[in-house]
Each structure stands twice: as structure tokens, then as C-alpha cells.
Amino acid sequence: MARKVSTRRKAIMTAIAWVIAFLIFFPILWTIILSFKSEGDAIKSPLQVLTSHWSFESYFVVQERSDYFRHFWNSVVISLGSTLIALVIAIPAAWAMAFVPGKRTKDVLMWMLSTKMMPAVGVLVPIYLMFRDWGLLDTRIGLVAVLCLMNLPIVIWMLYTYFKEIPNDILEAARMDGATLSSEILYVLTPMAVPGIASTLLLNVILAWNEAFWTLNLTAAKAAPLTAFIAAYSSPEGLFYAKLSAASTLAIAPILILGWFSQKQLVRGLTFGAVK
Amino acid sequence: MSTQASRAAARLMISPSVILLLLWMAVPLGMTLWFSFQRYNLLMPGQGGFTGWDNYYYFLTDPAFFTALKNTLVLVGGVLLITVVGGILLALLLDQQIFGQGIVRVLVIAPFFVMPTVSALVWKNMFFNPVNGIFAHIAQAIGLPPFDFLAQAPMLSITLIVAWQWLPFATLILLTALQSLDSEQLEAAEMDGAGAFSRFFYIMLPHLARAATVVILIQTIFLLSTFAEILVTTNGGPGNASTTLTYLVYVQSLLQFDVGGGAAGGIIAVILANIVAIFLMRMIGKNLEA
Amino acid sequence: MTISIRALLGACALGALATAAAAETTITVATVNNGDMVRMQGLMDDFNKLHPDIKVEWVTLEENVLRQKVTTDIATKGGQFDVLTIGTYEVPIWGKQGWLVPLDDMPDSYDVNDLLPAIRKGLTVDGKLYAAPFYGESSFVMYRKDLMEKAGMEMPEKPTWSDIEKAAAAMTDKENGIYGICLRGKAGWGENAAFLTTMDNSMGGRWFDMDWKPQFDTAPWKETITRYLDLMNNYGPPGASSNGFNENLALFQQGKCGMWIDATVAASFVTNPKDSTVADKVGFALAPNKEGVDKRANWLWAWSLAIPAGTQKEEAAKTFIEWATSKHYTELVAEKEGWANVPPGTRTSLYENPKYLEAAPFAKLTLDSINAADPTHPAVEDVPYTGVQFVAIPEFQAIGTAVGQQFSAALAGQISGEQALQNAQSLTEREMKKAGYIK
């Protein structure tokens, strides 16, 4: 890592990296820019867009039409709730698979992942009927349950691969010292597992936040998250680029900011068993 | 070094997950299987009854079925190709010493945080639109006729959108793997006179293989169910040009509200997905053991 | 673990029921994100003042998403909504199923007889009104008077397709980004399939004969597709195969279209100087027909409010619908936003109001177009279905969209018009066989 490189090489690499990073980020940047424009200006050519008047008007219009904060809060509750419950269920399972592997551990893991392959569109009606009978339609608890189950395989997989990298010797040493199972988990394993758990949490909050099929189809007004908020702006009559941009910016901003601030943690535990 | 007791404890710890997932898989799957043999259209109550293999027959003989199969493969394959190759290149770049590395990394991973619906809407309207989109404005500025991406090259356009979303994910995993590479090994190779290319092909690439398989596995699972991007941009068209298997199931079950037909399509999709899964897991399994 | 989770779910379900019972007067209204509905949400103060005991929760969604959600909910009796915004396609089907609460006991002050007969007919099943129209529309020709003048032409009030072709040729000026004609090309039963169905009606064709045999192999459909592709390939804008109502509206407002045949509600958008660069240059004419054919290419649609059967809040829902579709609401909008912005196409009295006629130069043609559409006899020949630009059977959403995809592919140049018709014929036959209409 700490190899010396010439300044010239570093400058060239910097230039290339910045250009590519800018291109990749550009669609998001452009959306943010358009959100500060009027509808008429938003469809002009790029240069005219940049030189036109800036305003917050679209944001006011969007907030007036649909209550952003209620949708935002629903998104927070649903994504965080589903992930936390999934973690509670998954941590023991992942621990057991990582430290007491059986002959079938790999198969069980693969089977768990394969449950994610069912196309959601095909099972909407059965799930909808169940939700209706249990009174779960348009409730946050219903969505928490669905998203929790949906992401559970990924959560288990991530934790498992992370736990596996914790050296077994340390645990054995603890056992030698007479640590019980619970104190072993609490005092030895947990501190070492925190980065892995943190990045699992982050990744799954992102996945749950962005999930747009179940959240849109199982809610109406009370539990509707930001995905439903977006659906109100996607193709209305007349010009809509500025309002769509404002709504999009509002919908992705929280997770974007969270992701940026926690990217170190996200990266640290994000190995998926990819690193050895 | 596991004792009888710890084995029992382990089983106890795994069981909630297994039972929940079993229910989550078995109950909808069971219901879907049941519905797939029923004549059941939500819009026509009272027309029920067992219908044998009819729903399967109609789904498999749908004129769009083989196109959908092909498009699904094109989409998954295309996105995997772009993200793995692009991800390796990006990871190599981000691994270099550059000014403002933190900011560059933040910009590169940003697309991963964007909702699929939002990214599809943004690409469709602000970029691909042949009159008001940025590409149209650029084409106009240099005197070319505007290209109507979503009509002329629908699969390519959708693949690009999806690849844009998944590129950061691949990059992150591959970067993590790259950074774990022993730098002494690289330096030793360099001393032995190995050029940049041979260092890349003989040391880095084999090291990245494991990360790449993980990227492929995780992404395939998500890509097989790509749906929002197609619904928002092309609605599966023009014609059937961008209809995938998932989209075809959607047409049956939520456009036609033919629960029976949709269920049959769902079962077929599950079977095909599992064939892909078995194939994948063979590959991954080998790589993960190594 | 699983047991406790179930208990938790159960407890929460009970909790949800309890809150629902306590807040008795909150009604959930599902609606589309069209301008008139959004405007209504801004005028809720008036409703709250009149009915402080009823609270309205809005669920505003894009049309396709809305339709999918509302249909799933009503067909499974999910009970998420108390008032639905649906169109003239859904009302006859759902009314027949007994899924909607009949609105036949509206008070005298509501004046049901004031509703436009054509619209009312479209929302009535077996003599009972099942939905109240919020706004109604037909379709007609909008054209640029200045461009026509420049070309030395005049648009007849009742043009034929030949007139339209000549005008499109004369106005097209691709160098300057002006396209003679903009028509729907985006696939969808409510998009290009709707337009092409009316075009086929005006050529003397129909979707099905009396035995439910699809008619895409007949001469009128061939003529429709041939002339449509000719028009669009020669005089249409680029990327027309993804243009729906919205895209064309934006194009017309920017002055890029010479002509546009589409919904009458668009008239108030294209003449509104705030959004439209051509506001003072727009002329109107009836939708065209083929020489000698008795039907014109004008459709009939009404976004309407209906109550799903089984809701606990029927009374509150009725009160809301009464308010939203009343004369009082029209006056409210007129007072706050001007007469040109009132929801059009539902009441006879509006078209007798001199203030509206003055503010809306397109009013008379709108009324004529709506009145000329007959959902029970949409085609020259007899048909087994109702609906002008659609076929009011549950299967139509999927069939219409699939057929629309074929026409869209033909417009994009991927297949020939001939091929598109063949595909449309075989896929419609297949679906009708599957659904049991054809043995």
C-alpha cells in the first residue's frame, strides 16, 4: 500500500479517476440540479439549464402536495425495523454456522439464498390475501415482516462470511479460560463482530429502503414509504422534470447521506466471503 | 472441536431462521402451486375450478416466452459482464494513490443508494428522452439526429441503467478483495521483473476470482427479479423487445389479473431460476472451498 | 421464536383494527396524479369547513400503479380505500360484479340529470349510476393556426383523414424542429391502442365481430395502420413510439407539433400561457373520419369517483363524492383558479354558462365531441361490447396493451404494419380462446 509513486503518475491517475467518478455520479448530480429549476427551464439544453434561474419552488410544491416527512418516517421505520429484526434472528444462526459447521451448512446457506429467487410479482396475490385476512394491509408491521423475511438470507450470508474470518483460536482460548457460551458470545465474539454487523445493517437498510414492489403494493396511506411518494410524480400531465427531480432528490437524499457518512464501515465489513 | 452440546445449541440457534425461511418459501410457493392449477382470474369471480395443465400450456406457448427467456439472459449476462469488468477496472483505479480518494470513492458508490424506480425515471426522462433528454441535446448540438434509445435499443438501454446501479456494488467488493492482496507478493514479482500486465494477470486476477464469483452470485439473485426498471422505461416493448420472464409474469398476474396464469409463470420462473442457481452454486461452491 | 413473532404480528394486527375503528370518519381516497385531482387536493379547506367530521387521506399515484393497486384491492376485497378514482373502462365491469356501491340516491341538489348523457351512460350499469364523473373528455384535433396560415391552408371544422394528411405535410418543417403531426405511439391500452381503436372506428372497423372474433385481418384495420404509419413516419417527431399523452403535450406546448389529435382536456393546457409557448395560436376541430364513414375518431372517457362495496364508511365517502363532483365544486375552482380551469366534460350546465364559454374557446367542440361518442355503439357495424376506445371486458387491459406493443414496434420500425396486424390478430385470438369467448 505504502509504495512511493511519482507525483506525475499520481496526477494522471487522479485526473482519470475524477473524470470517471464524475461521469458515474452525473445522473444524480443532474437530478439535483434540475430540482432547483422551473419546469420550463428543466427541459432546456444543458447549458441553458445551468444558466437559468435557481429556486426552491419545486420543493415547496412537492411538500405541499404530499407530506414528505410522513413518508420519510415510514421508510425509516420499515427499513430499520426489518433489518434489526432480521439481525436478531440471523446472528445466532450465522454464529452457529460459522463456528459449529456441520456437513450440511453450505447446503443450508445456499438453500436460504435460493429463497430469494421467487419472482415477487407472481406471489403478490397470495400474499395480499394473507395480509388482508390478518389485517396487515397498509401497516408498517406487515411491511417490516415481509422485508425482514426477504432480506434474511442476505443478512445470514453476510454475517456468516464475516464470522468465519474471526480466528477460531481466540474462541478456543476463551473456552479454555472457562467462558460459558453466552459470555463467549457477549464478551469475545461481539466486539470482534461489530464491523461485520454494522456493514450488514447498513447494506440491508439500503436494500429495504429501496425496495419498491412490496412497499408500493401493500400500502395505501398510513404506512406508505418514499417509494409511494415517488409514484405520485412519475408521469403526470404536463411538464414534470423539476418536480420529479425534487421528489427524487428528497427520496434518495437520506440514504445517500447515510451511505456516504458510513462508507468506511460499509466497506470494512462488506466482504461477502470474497476475501480470504 | 465441537462437542455434542455445542452442536445441539447450534441447531437451536439456526432453527428460527430455517423455520421462518421455510415458511416464507413454502407458504407462498404452496399457494402459488395450488393456484397454478386453478382457473382463477381476480376480475372474474365465480369462474373457478381445477384446470389441469392449461395455465402452464398457455404460459409456455406464449409468443413472448422465448423472447423473454432470451432477454432475461441478455440482461443478467450483460449487467454481470459490465459490472465485473468495469468493477475490476474501477477497483484498480481506486486502489491507486490519488488526490481526494475519499471523495472519488463516495461519488462512485453513490448510484447504489438510488432507488431502482428513481434511477429508471431519471435515465428515461432526463437522459434517454429523444426530445428533452441530455443525449438528445448533445446530439442536436453536434448536428446528429437524436437517437431514441428506449425504442431502438431497449435491452441495451435497460442493461445500461441496471449496470449503472450495480457497478458500485461490484467495485466495492472487488476493491476490498484487492486491498487484501499481499503487497509484498506484488513487490516481489516486480523485483523479479514482472511487468504490470503479467502482475495483473498472474497475481491480481486469480486473487480477485473469488470476489468476482461472489459478485456474480449475489447480483444474479437480484438481477433475475429486475422489474421496476422495465416497467418504468419500456413496459416490455416495443413489441416484446424488452420483456423478461419476470415482466411476463407481471403481465399475467397484475395486468391481466390472471392469478392462475401468473402462478404458473411464477413456478416456471422459480424452476428456471433454480437451474441457474444450481449451476452458480457449483461454480461458487468450488471457488469458496478453495 | 416463531410463536412469539406470530403473537407480535397478531397483536399489531389487532392494534391496527382498533385504530381503524376509533377514527371512524377518516376516508382514504385513491386518485391519479392528474392536474385536476392535484388541484382538488389544494382546495380541501372548503370541504373541511363544510364537513369538519370527515378527514380525507389522499393516495395519489401514477395512473398505471393506481390502476393495479385499486384493482387488486377491490378484487380481493382488501378494503384499503373508501373512494376510488376509476374510468369508464372499469365502471361497467366492476358495477356488473357488484363491487361498487350504486350512487342512485344522490340528493336533489346534486342534480343528476345535469350530467352529460353520454358520460352518464358510460357510468351506468342496468339503470344504476355506479360512479360520479369528476371530469370527462373526448378527443379532437388541436392545431397551430399560425402554421396553417403560413402554409396557406384552412382547417375545416369537420376534417377527414385526407385533410389531416394534407395539413401535416404542409406544416412539417423538420429543419426547424416542427413536426406536422404528433400522435400517441407509446404502447398501452390507454395510450396508442386507445387512439388507434378510435381511428379504426372512423375507418369503419371494429375490434370484434358479434362472435368475438378479432378483426385485425379486415380492411379497416389495414387502412388504419397503413395511414397511421405513413403519417408518423413522414411528418411525426423522432421517438414517437415512446410518446404518450404527456410526451405529446410537452411537445405541443413547446411548439414542436403542427397538429395533435388527443384528449379534449389537453385544450386547457395548450391554451394556458403559463405552460404553453403557443397558447394564443391553437385552433380546434372535430376528430377526423374517413370520407363516407359515419363515425369519427373521438373517444369517451371520464375519470370518476366510486365507492367500493364493503367499505364501512359509505356515508362519508358519498358526502365526499357529492362535494367533489358538484356544481358547487365547479364554482369553487372558478372562483379560485378561473373558469378555464374547472373540471370539464361532466355537466350540461357548465356548457350553458356564458362565463365558461367565454373563458374556454374549446368548450363547444368539446361538448360536441363528447356528445358524438356513443359507448354502446362505437363502430359502424354491430359489436358485442361497450366502450369507444376500449372493449369493456376484464381481459382487455392485457390484450389492448399487447396489441399496442405490436403497433408500437411497427412505429419503431422493428416490424412491418402487416406483421403487426398479423401478430395482433393471433395473440388476441389466443387470449380470447383462453378466456373462453371463442370455443
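Lettered A, B and C in written order, each chain numbered from 1.
In this section, contacts are C-beta pairs under 8 Å (C-beta built on N, C-alpha and C of every residue); 3 or more make two chains touch, one makes a residue touch a chain.
It should be emphasised that the depicted structure is a prediction, and the values quoted were computed from it without experimental measurement.
Ranking all chains by how far their C-alpha centres lie from the centre of chain B, first place goes to C. Pairwise, the chains sharing the most contacting C-beta pairs are A-B. If you average the Cα atoms of chain A and of chain C, the two centres end up 38 Å apart. Mean C-alpha position of chain A lies 15 Å from that of chain B.
The multi-chain contact residues of chain B, meaning those touching 2 or more other chains, are 16, 20, 42, 132, 254. Looking at chain C, residues 1, 5, 68, 72, 76, 250 sit in touch with two or more other chains. Chain A has residues 43, 89, 124-125, 231, 234 in contact with two or more other chains.
Remark: chain C residues 1-2, 5, 64, 68, 71-72, 75-76, 93, 97, 187-188, 237-239, 241-242, 247, 250-251, 256, 394-395, 397-398, 401-402, 405-406, 408-409, 411-412, 414-415, 423, 426-427, 430, 434-435 touch chain B in the complex.
By the touch criterion stated above, chain B contacts chain C in their complex at residues 15-16, 19-20, 23, 41-45, 54, 58, 63, 129-132, 145-146, 148, 150-152, 231, 234-241, 251-252, 254-258.
Chain B makes touch with chain A in their complex at residues 1-2, 6-7, 9-11, 13-14, 16-18, 20-21, 24-25, 27-29, 31-32, 35, 42, 90, 93-94, 96-100, 103-119, 121-123, 125-127, 132, 134, 137-138, 140-141, 164, 167-168, 172-177, 179-180, 183, 187, 210-211, 214-215, 217-218, 221-222, 224-225, 227-228, 232, 245-246, 249-250, 253-254, 259, 262-263, 265-267, 269-270, 273-274, 277, 281, 285, 288. Interface residues of chain A facing chain C in the complex, by the touch rule stated above, are 39-40, 43, 64-66, 89, 124-125, 128-129, 131-132, 134-139, 141-142, 145, 216-217, 220-222, 224, 228, 231-240. Listed in rising order, the residues of chain C touching chain A in the complex are 1, 5, 8-10, 12-14, 16-17, 28, 30, 33-35, 38, 41-42, 57-63, 65, 68-69, 72-73, 76-81, 244-246, 249-250, 253-254, 269, 275.
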